[in-house]
Each structure stands twice: as structure tokens, then as C-alpha cells.
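Look for chain A in each of the two complexes below; its partner is chain B in the first and chain C in the second.
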Partner chain A sequence: MVASLRRFRWWRLAVLIILGIYFFGPLVAAFLFTVHNTRLHTWSFAPYGQMFGAAGFGASLRMTLWISLLTIGIVMLLMVPTMLAIHLRLPKARGIVETICMVPLVISPVALVAGVSTVLGWGLNNQGSWIFRLDAQLQSQSLPLILPLIDVVLVMPFVFRALDAGLRAVDIKTLVEASRNLGASWLLTTWRVVVPNLRTALLSGSILTLALVFGEYTVSSILGFTPFAVWIVQDGQGSGQLPIAVSLLSLLLSWVVLFFVAFAGSRRFRVSPASPTPVSSAVRSI
Partner chain B sequence: MTGVNSIALATGRPIAQRASAAGLDLTGLHRAYGETRALDGLDLSVAPGELVALLGPSGCGKTTALRIVAGFERPDAGSVRVGGTDITTVTPSKRDMGMVFQSYSLFPHLSATDNVAFGLRIRRVSSTVRRSKALELLELVGMSAQADRYPHQLSGGQQQRVALARALAIQPTVLLLDEPLSALDAKVRLQLRDEIRRIQISLGITTVLVTHDQEEALSVADRVAVMRSGRLEQCAPPAELYARPATPFVAEFVGVMNRIKGVISADNRVRVGDQSLAIDGEHPPANTPVWVLTRPESVRVSVQPSSQLDGALIQVATFLGAITRLTLTLPDGTDVKADLPSHEAGQFPIGSYATVTLADRAVLIVPRS
Partner chain C sequence: MTALAPPHDVETTPPVTVAAPAPSRRTGSRSSWLALAPFVVYTTLCLGLPTWALIYESLRRTDPATQQTSFTWANLTTAWHGFYLTALWGSVKLSLITALISVIVGLIAGYAIVTSRGTVGKQLVLALSGVLANFGGIPLAFCFIATIGTAGEAVNLVHKVAPDFALDTFTGVVAVYPYFLVPLMVLVIVPTLEGLRPQWREAARNLGASTWQFWRYVGLPVLAPALLGGFVLTFGGAFAAYATAKALTGGTVPLITLRIASVISGNVLAGQENVGAAMSINMIIICGIVMAIYLPLQKRSARWLQA
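And then the complex of A and B:
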């Protein structure tokens, strides 16, 4: 007993406690803030019930969901063929594509949106032209299409890593050749062989995209749109508890989805028992 | 196991009575990767129903040749013909060829049955028919008990059996085997090798096997095509290849070969030590120093005093089961390998001296320059 106590590394426990406080402390504080009325000294879950009826909640949530779906669709249509080409035909292009995809990590969203604003301004100087009409579509208040286009750029590093890990987890070249040899066209091969074996990587890339779009504030705010993240901040200026409750719930939802994806990835699509699962590799690499 | 005759695919035609077995002709194939010439004018013909093994060292171009036949590579020059039809530029999905890959190529998300049925599904065969055909083929390769298992639940040998069934399911005109046994352990490799040959003979399917394992090539192929530096050195039945190699490379690549110094004599024989051997075919002029290539089983070892290659020192004795291979060093420093029945090996302890005699004829005579 004494020997086992001596063997116990106390510093490990200390590090864990410090990390736990650092990570969970703000969350616990935020939760207490949402349920405790400091003036009346009462406890209530009312903010969690009020959020669905709050002004702007539904519209901002709908807008964000649409932006998320469009972003996921565009980025996957762009990245899946690109990553396949890199792994099957153009391995030398990998470095160039990876560098391009990582650029958003080193360029501030403020700098990005400054450039986008300049380009969007061209339409204002050409009223009635197709550029003007395109600008109007891109900046529609109900569904600003410019946001998914910008978000595609912002999520590229994460989607690149997720797909790259997924493609490395299986011998995609041999699988594609086997499918082609059995008579499948490129389209059928992609649909029946590539996508099913990348399902977890696609899912994890989509979840990461969803999480980023839900939390994206800078670009939307500067361009004057009100998706979910901007609504939380704007609404928080009037009522403190409601937006914090919404933030906590959206965070919890993201965790649940991520754990679900990780669990699904560890149970299915194993090439061999020893090989890493696409989602765990993706999550590790991100 | 279900008899082969009972198996009929989507066309309703029994596999064993295939009418589609076609010959394969490769003519003047060239393929270069930058400065490296993978294929340098390869010519090869495979008769309908024949199994030809492409054998050669790493980098000789055998896999490139197979990938060109499958359509995964385009040759820089030359043509590929199946049944007389030029398919050089035909896309892989239209070539009607079954292929078993070196690495495990089963689709991880499909069960063994669905893997086998994949090609039939692509051909829009009804689900009932393709499932029954898949099960029959799985039975043919001895995998019916694992029909519902996924690839990660199968051993390497089992995966290759399923891959073979999958390749056969589409009734290919040519079956391509790209070192399908190289990742398997020795026992499974032998079993599957024999089964592949049995099924190939049963179906009468034209087959090309790529391998770097000469034992594998010699044991299953109707003919073995030995390749070197992108060219065909010799293509012949295994026994002929072993007994009458066309070039020194083939002689030394296939089987174990001794190189012993000799000189061509005036009577059109070759003199090795005090021994005079007959020569087959053309040979260098008299008094030319040559290497005499001979197999270990053609080397006789005796303990009796002799005027032949006297005084060979026994260096190593390797037990190989029925035979034991002795490595002896001749007085001129040349190492010679000799096979003898294992029950006689006790007469030749390591470190002792013995007399070496060569059989009447050498396999090949090569100028010593």
C-alpha cells in the first residue's frame, strides 16, 4: 500500500487538476451564470426555455444552417476530387495543395474580409450590370451567399486534414484499380468504393465545418450579417443569460456529435484491426 | 465443394465450358519513366487457356507489363491484343479482365459475398442471381463458410481467395495475377498456389501470373517468361527453361547454378580439370577459356581417390529434406554446390576433402571474358 502510494505520480494528478480547472472552470461559471439570479438569489433554468422564443433566434439559426450546408457541399465537391487526384495521380502536387489549404490558418479573417469587401464594392460602381446583380445575390440579407464562399476558404485546412487521414487509412489506389478492373466507371467507383470508405472522414470534415461555421463571427459581423454567432453577441448586449445558455447548448451539441463520429469511426470501416481509423486520425491531426 | 461444371454466371454459361478464353498478344511494348526504361520492346504471346508466369528480378518490368495489359498504364509504343482485338487504348473498365492484386484489395465496406458480387452489380445482374453466383464462386475457392464476413475479419489467405472469386465472377477473358501470394506465409502460399492452378485448369482461363518467386513460377505455369531490363530473355515450359536455358542470365536466375572454369578443346568438347565433357549446340572456338554452367544435381561427390577435380574442401552442408546440398571449394578457389541424397551426406563431414566429378553434359558454356 505504502509502495503503491510512493509509486503514484502526484505531479500527474496536479497537471490534470490544473488542466481540468482551466478547461471546465469557465464552462461551469457560464452555466452557473445562466441558472443563478444574483439579485434575487434564485435558481432557474428559464433562459434555456426562453431561447426558442427569442427574437432573431430562429432566423439566425436557419441562416447558419443553410450557410453550413452550402459550405459543406461546396468544400466537399472541391476537396474530394482534388484529394483523390493527389493520392492517385498527382502525388507531387500534394505539397502545393497542402500549402494553399493551410494559408487560411496564417491569414487573419479580418484581412480576408477586407479583400472581399473591396471586391464586393465593384458592383456598387456598376449599377445595373451583372456584377451589381451578382453582388446583390451574394449579399442577400436572407441568405448571404458570400458567407459560404468565404467559409469554404476558412475550413480548407481542417477538411484537407480529415480527407487526407481518411485516404491514408485505406489503400485507395488499389481499391480504385480493383473497382475499375471489375468494370466500374470513374463515377461508379467514386460513389460505390471511394465515398463508402471515406464516409467517416467525410463526416468528420463536415462536423468540423459545421462547428466552424456556427462559431464564425468576424467575417459575418464585418460584412453586416446576423448568423447565429453574431446574434448571440448582439442579443447578449440586452440580456446576458440567454446567449450564454445558447452558447453552452451549442457547445454541448458539438461535443455529442464529435463523440458520436469518433465512436462510429472506431467501430466501422476498419481495414485491419491495427490500422488507424480515419476519424481518430483526422481528429488527432487537427 | 460444388463441381465447377455447376457454376454458371450471368450469361447462364457454365464457367468450365467457357467459350470466351482468348489468347493474349503483347507486341513491341515500350514504357519509360523518365530516364528509366521499364519495358524495352517486350513481345509475348499467351495461348487461350494457357498460364504464363512473368518471372524476373525486381525492376525488370514484369508488373509494368501486367498493368499495361490491365489498362492501368499506357505503353509508349507497342500493342496489346486479346483474341486478335487491339485493346491498347481501351479503358480498364471495358477490358473484361479479372485481376488479383498483390496487396489485399477487397473493399473494406463490403462482405465477402458483396465483394464477389461487385462486378456483377456493375453489370446490372439481378440481386438474386448475383448473390447465388457469388456464393457458388465462394464455394469454389473454399470460402462459403466466411461468406458474410468482412475483409478485416478474414486472414490474408482468405482475403486472396475471395479476391480470386471476385476476379472470376465477371467471367474475364484474361485473368491477371499480380504476385497474389507474396504477402502470405509459406504454408498458405503453397495451398493457394495449388488451388489457383486447379481452378485455372478447370476453367481453362487464359492467365498471366507475375511473380519473383521462381519456385512458384516453375510449379504452376505452362510456360515461364523470364524478363530482364524490360525485355524477354526466354519463354519456355518450366522443364525446358531449367534444363536448356537460352542465356547465362536465365541459367543463373532459374534454379541454382555452378560456374566452373573450363577450356574448349580441339575435339569440340570442354575440358574441366582432367575431365572432358560433351557440348550441345554452338560453342566458342578451341582453346577459348569458358565458364561451364552446371546444376548441383549434376555434380557428383565421392570420397574415393580420383584423377578428376581432386581435393575439394567441404565447407558447408545444408539439409534440404530428401537432399543435402554440399558447398565445396575446388583447388582453384571456385565454389561448387553439389546435391546428394541426405542419407549419403554422413560420408562427407565438413572440413574433409572429396573428389568432384561433373555429369556428362553442361547446361551452358559461356566465354570467360
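And then the complex of A and C:
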């Protein structure tokens, strides 16, 4: 028994070591790559400093920040009333809303952007009309409004699940009824009762959105815009260390954030990290 | 019956009070349907319209000479032939291989996690899997380029084992995809492995079953829906991936996502947009089949977890 147990442990140790090398090796190697000059055998953290001075860094970062803010704003304004409605009044509509929210998992971003670019192409056909002006506005190079509009669709599955878990965790029906009986309007109830109780859900939904927008490459690059994720690649073709340094930093930053969400989420809502939220999202930004 | 009758007569007023809120509830439900209106309008415009555009464009063809447009099945049949079929087949092959690798490795890793004793470590690994499964894309591709790309830190090590290995080929992509697919598989399989009760094993042993027999007749049948579901899900993830493959290969490996992207970005002849739309429809059909297989399987394996 003891012998079999020991053998068992060795087996597990071997698995963990191999997986550890595969999963952490590239990160360590990438870090070494950024700080080590193989020709001169010198070590320096210069690439991490150069990043801030590189051409286009500020503009692309600003664009990404704006897109994230807009995406979070739109998706929350859209989803909070919708989720509230299906939880309080319209349980019948739940199936429909959930199905619609999960559609982006079936339509891959590449296919969705193919459709979007077709629609944008139609708009440019009739010159001078309001559709043409709207279309041009949506594709403005400094702040392409089309990107937050599409990103909202892409994050819908995750925001749906985050809010759904949040609404299940508190007895939202009683709280809302109490507030309404005391004479509060729907707007006041939402703002003073619902939003504070959904704080964690709203936060984790927003952080997931932020992480997705920061890493979103497919839609932006195909439509020809240069937010942060696209800028890394564009700038990366020539010089060696800088793009690796930037992507390493952005990767670690988003991992820290997601790790926090995974832990906060599992504690607050008793959703195990194995809940469908992280699972289905792999279809996304990759 | 007669004894019950008086209370009924007495309570003639409550139905009135019940009847009073009823209309307000009805108007309330009308206004709650109204609360769904922004959602419906938004998804129609940003999700429905692009999808419809794809279907419409994939069925249309503009004659380059006369500028006349007509409806045709030609785009859809073109998208199933030659150059386009190669890309579709490349994507399917890549997804099948990486999904198979990820299912096997994910199962072994999941088993190692479930049978380990520490709860904190288990939680940590699961949270880490949730993170790793999520956001690969460009940064991940760049980390691999820095590691085993042509000038990578560890490329010499890899060349000792596989002299012909290059990251910007099909094999290179196969080496990278499990990075986000294995954690995905771990997330799928761990709840099911945890549902595999030790009592079942004890019961099987008491009835004289060997380890192999236990796995053959109890373990695997219980795990089968989750394994198949994980396979389908990782297949879908690999199939839809674009950024990683693009950054690794620059578009040289024939994959359907890369092909669609180059068509939309206008790197090809005019008139190809319709074929691009048709390829996208193909992709949606395959992803739809994947989801249609996955969802019932998930329900089935969920049954074991509740028990």
C-alpha cells in the first residue's frame, strides 16, 4: 500500500514537472529574451523602458482605453436592465436571452467581422446620405466606434454569466419588492438597491471585458485599426525585444486581473472556477 | 363540504383585492417586455444584421462585366473546393490533432490534480487553468517566438530533439495551441473526475473487478460524455482561433480563419468577398455543429455531478 502510494506520487510529480515546463518555460524564456543580449552577453531592462517612448504607444493605448470604457458602459447599460427583467418579471424570456447571448460563441470573431465589414461596405455605397456619414463616423481612425459595438457582442456570454451568478447569489426579488413598496421608482431601485448588491458581479464582468478588449486583435486588425494589441504586432516585425517585453507585460497584467476575478468569483458566488464562464471564453480572443 | 362553504362565502372580498393588482401586473409585464427592447434592438443590429449580411452575400454574385448581381449557389460550392477546401481541411486537421492532444493531456493533468490532497493547491491550479484557458492570442504567440522561434532562447534544445522543427509551420501551431486548450480541458474534466466516487471503486473491487475492469466498465462510461464534450469544445476553440496562428505564421499555413481574414482585408481579387462570406458561413455551420454536440453532452455529464 505504502509502496503503491509512493509510486503514485512520483507519477504525479513527473506530470506536474512536464506541464510546469510547458506552461512556465515560455514565460521564463520570453523574459530572458527581453533582458539578455545574446551577442554582447549583457543584461538590461532597457526594453521595458523603451516601450513608453515607442512611436504609437500612447495613441494605441489611449484608443484601447476608450474602447474598453465604452464597451463596459454599453454592455452594462444593456445587460443589467435585461437581466433584471428576466430575473424579476420574465422568466419565460430567459431561454431566448440566454441563447442570443451565447450566439457569439458559435459565430467565431472572424466570421462576425466578415459580416460586419460587409455591412459597413453597404453603408458606404450611398454617398452623402446619413447612413454614409454614420458609417464613416463608426470607422473613424482615431476612435473607431464600431469596435466597442462589436466588442459588446463578444463579451455578452461572459457578462451574462457574471450577472446571472450575481443575481442568483442575492434575493434580488425581495429586495426590489421592498424598495418598490417603500415608494422608490425603478430607476432609484436599480441605482440604490440592485447595483450595490451586484457590485462583485459588475466588477468581475467589467474586468473580464477589460481583459478581452485589451487582448482583442482579430476584429481590430481585420478592420484595419491599431489599438494596443494590434500595435504590438505592427511594431514587432522589426525590432526583437520590445514587442516581447510589451506582450509579456500585458499578459502578466491581464493574468493577475483574471486570477483575482477567478478567486473573488469563486468565493463570493460559490461558483467553482470550473464554472462555464472561463470554459467557453477560450473561443474568444485567441 | 358544507363546513367549508361558509369561509368561501365570507371571503368574497379577497378576490376583489386580488383582482385589483392584476391589471397593474399586466401593465408591469408589458413594461418589462419593453425593458428587453434595447437588448433586442442591439443584438438585431450588431449580431443579426452581420449574420444576415453573410448569408445574403454568400448567395450573391456580381458579374464583373455587366455589374449585374444575381443569386447563385456558386460561392458556396466554390468555398467547398480547391484552395478554400485546403484551408478548411487544414483548420479541421489542426483542430482534430490539437483537440486530441489536449483531451489526453488534460485528462492526465486533471487526474493528477483531483487525486492530490491539498485543497489550496487544487484551487490554485483550477484558477490558473481558468486564466490560462482564456487569453492567449498575440502575447502567447510572442512568448513562444521568444522561446522556440528562429532566434529563441531554447530553440537549440528543441533542435536537438527535432532538427526540422520550425514555429511558423503547421507543427509549430500544433505545439502552441495546447497551451490554452489543455487548461480548458482541465476545467471541463475536473468536475467529472471529482464526481467519480471512491465508493464505486470500492464496490467494483469488492465484486472482484480489476483496475482495468473498473475503468473499462465504470470509470470511462461515466467520463465519456465529459471527454467527448471536452474534445468538441477544444476542437471549437482551435477551429475559431485566429490571432495566435496569424502571429506565429504570418498567414502562411492554410487555415480557414487566416483565409477569411485575408479576403476581407482586401488582399485578393475583387469579387472574392462573396466567397469570403461563403467561407464564413461554412465556419459558422461547423461551429454550430460543435455546439449542438457539446450542449447535450454537458447536460449529460452534469447529471453525474449532481448525484
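The rule is simple: the second predicted complex is superposed on the first by the 236 of 286 C-alpha atoms of A that agree within 3 Å, B and C clash if a C-alpha of one lies under 4 Å from a C-alpha of the other, contacts with A are read in each partner's own complex, and residues count from 1 in each chain.
The rule is simple: contacts are C-beta pairs under 8 Å (C-beta built on N, C-alpha and C of every residue); 3 or more make two chains touch, one makes a residue touch a chain.
In this text, all values refer to a predicted model and were calculated from it rather than measured experimentally.
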item	value
Which of chain B and chain C A:Leu188 touches, first, second, both or neither	first
Touched partner set for A:Asp171, first chain B, second chain C, both or neither	first
Partner chain(s) touched by A:Ser179 [first = chain B, second = chain C, both, neither]	first
Superposition-derived comparison: chain B or chain C, residues of chain A touched	C
First, second, both or neither for A:Ala93, with chain B first and chain C second	second
Chain B versus chain C as contact partner of A:His41, first or second or both or neither	neither
Common interface residues of chain A - those touching chain B in one complex and chain C in the other	272-273
Residue ranges of chain A in contact with chain C within the complex	8, 11-12, 15-16, 19, 22-23, 25-27, 29-30, 32-34, 36, 38, 77-79, 81-82, 84-86, 88-90, 93, 97, 100, 103-119, 121-122, 149-150, 152-153, 156, 211-212, 215, 217-218, 221-222, 224, 229, 232-233, 236, 240, 243-244, 247-248, 250-251, 254-255, 258-259, 262-263, 266, 272-274, 277-286
Parts of chain C lying in touch with chain A, wherever the complex brings them together	28-29, 32-33, 35-36, 38-39, 42-43, 46-47, 49-54, 57, 105, 108-109, 112, 115-116, 123, 126-140, 142-148, 151-154, 178-182, 184, 187-188, 190-191, 233, 236-237, 239-244, 246-247, 257, 260-261, 263-265, 273, 276-277, 279-281, 283-284, 287-288, 290-291
Chain B - residues contacting chain A, complex	70-72, 91-99, 101, 103-109, 118-119, 122-123, 151-152, 163, 166-167, 170
Residue ranges of chain A touching chain B (in the complex, touch as defined)	170-171, 174-175, 177-185, 188, 192-193, 196-197, 199, 269-273
